Amino acid sequence: MADTWLTTLITDTPQAGFELAITLSRRGVKYTQPDAAVRDRLRTEYAENADSLTAASQVIAINFQTIAAANNYWRK
Amino acid sequence: MADTWLTTLITDTPQAGFELAITLSRRGVKYTQPDAAVRDRLRTEYAENADSLTAASQVIAINFQTIAAANNYWRK
Amino acid sequence: MADTWLTTLITDTPQAGFELAITLSRRGVKYTQPDAAVRDRLRTEYAENADSLTAASQVIAINFQTIAAANNYWRK
Amino acid sequence: MADTWLTTLITDTPQAGFELAITLSRRGVKYTQPDAAVRDRLRTEYAENADSLTAASQVIAINFQTIAAANNYWRK
Amino acid sequence: MADTWLTTLITDTPQAGFELAITLSRRGVKYTQPDAAVRDRLRTEYAENADSLTAASQVIAINFQTIAAANNYWRK
Amino acid sequence: MADTWLTTLITDTPQAGFELAITLSRRGVKYTQPDAAVRDRLRTEYAENADSLTAASQVIAINFQTIAAANNYWRK
């Protein structure tokens, strides 16, 4: 992938960090399946499956651990 | 999602931290499946499945790791 | 849930910490499936399934990581 | 469980730590399924299943993370 | 494997770190299945399966945790 | 197991650390299934299954986290 999509793990707020965790999770999929049409088709399937949604939430949780640590947990 | 739902990882007690971990876990699902009606239907299914419940508990455990670290484990 | 069930992550011994990890794992299930009768029925099923037991042990292991860190690993 | 089985996470060697990680993993199962006869029967099944063995190895790996950190990775 | 493929975990940017995490994830597969033709065949299958893609993204997330820590999260 | 197979987590290079992570992952299986003939048979099966290979790669990733931390990420 030639595009630049990740230049920092630092975010202003925990919520922005959580949303970055979602981006990382989706990028992990995109590197394996680069075809957007295939990903869109698959998403409509797994978005109706409880276990698939839990699994997706788990990947986000793992990436959020990384981002939260990078931001020192946004402690004041 | 335009709403603000996560402004801090700091909580007064470990229990409040655990409940925040649940919120994060559900938000991870919500970002993938924004339709509340679909999520409600799926929940009635997986809440009757032991493995689905274990998987949900695991995502909570992972998010709780993050929140507990953010709070220095609520050490006195 | 209105009851108070988690006021500290600190325990006297590693074994007490491990048992607290079990409590956290079960609470993660209870928040998703509050009906005790349903949980009891499901438990008799998954307690006879090797993969379900391994999955349960994994959630305990993740929660034990958190509790062990909170207790500085009970180092003397 | 009334017996005392875990008084310290400290071990002399990494290998002893790895074996303690196995003990923790099995205890996680034992708390959920206390009947030894059932566990023995289930073990003969999952010991012949590649995915079950990988899952068991994963729980050990997670517990080993905890024990290795407790021992400061047995650095000299 | 006789070739040298991993001499450092340090990367210039988070994105390069994420791509290294992908490399580690694929190497983990390659050590178990060294035959490139088999891996290529399997990839075409799992790249069409949503749960397989989520699982692949999860391994990347775990490896990215390691690499991000190694790089002190690329903090300025 | 009477043999000594793990005396240190320290390795000269990240790649040697990754290979040690593979050793740990396989040992986790070996403790549960000590019969080499059974393990060999199972390996030929799961080495042809994409999800099994991803799961194996995940266990390696978890063990690599431990070993990388032990080696301070091989920072110069």
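The chains carry the letters A, B, C, D, E and F, assigned in the order they are written, with residues numbered from 1 in each.
Keep in mind that, in the parts below, a contact is a pair of C-beta atoms (placed from the backbone, for glycine too) under 8 Å apart; a residue touches a chain by one contact, two chains touch by 3 or more.
What you are looking at is a predicted structure, and each value in this text was computed from that prediction instead of being measured.
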item: Other chains in touch with both chain C and chain F; value: D
item: Number of steps on the shortest touching-chain route linking chain A and chain C; value: 2
item: Numbering shared by both copies at the chain B-chain A contact, with half separating same from different; value: different
item: For chain B placed onto chain E, the superposition rotation in degrees, Cα atoms, nearest 5; value: 120
item: Interchain centroid distance [CA atoms averaged], chain E/chain F, Å; value: 16
item: Euclidean distance of C-alpha centroids - chain D vs chain E, Å; value: 27
item: Residues of chain E engaged with two or more neighbouring chains; value: 43, 46, 49, 51, 55-56, 58, 62, 65, 69
item: Pairwise touch network: line, ring, star, complete, or other; value: ring
item: Sequence of chains encountered when the ring is traversed from chain E in the direction of chain F; value: E, F, D, C, B, A
item: Contact footprint of chain C on chain B as seen in their complex; value: 13-15, 18-19, 22, 43, 46-51, 53-58, 60-62, 64-65, 68-69, 73-75
item: Contact footprint of chain B on chain C as seen in their complex; value: 4-10, 24-29, 31-33, 38-39, 42-43, 45-46, 49, 51-52, 55-56, 58-59, 62-63, 65-66, 69-70
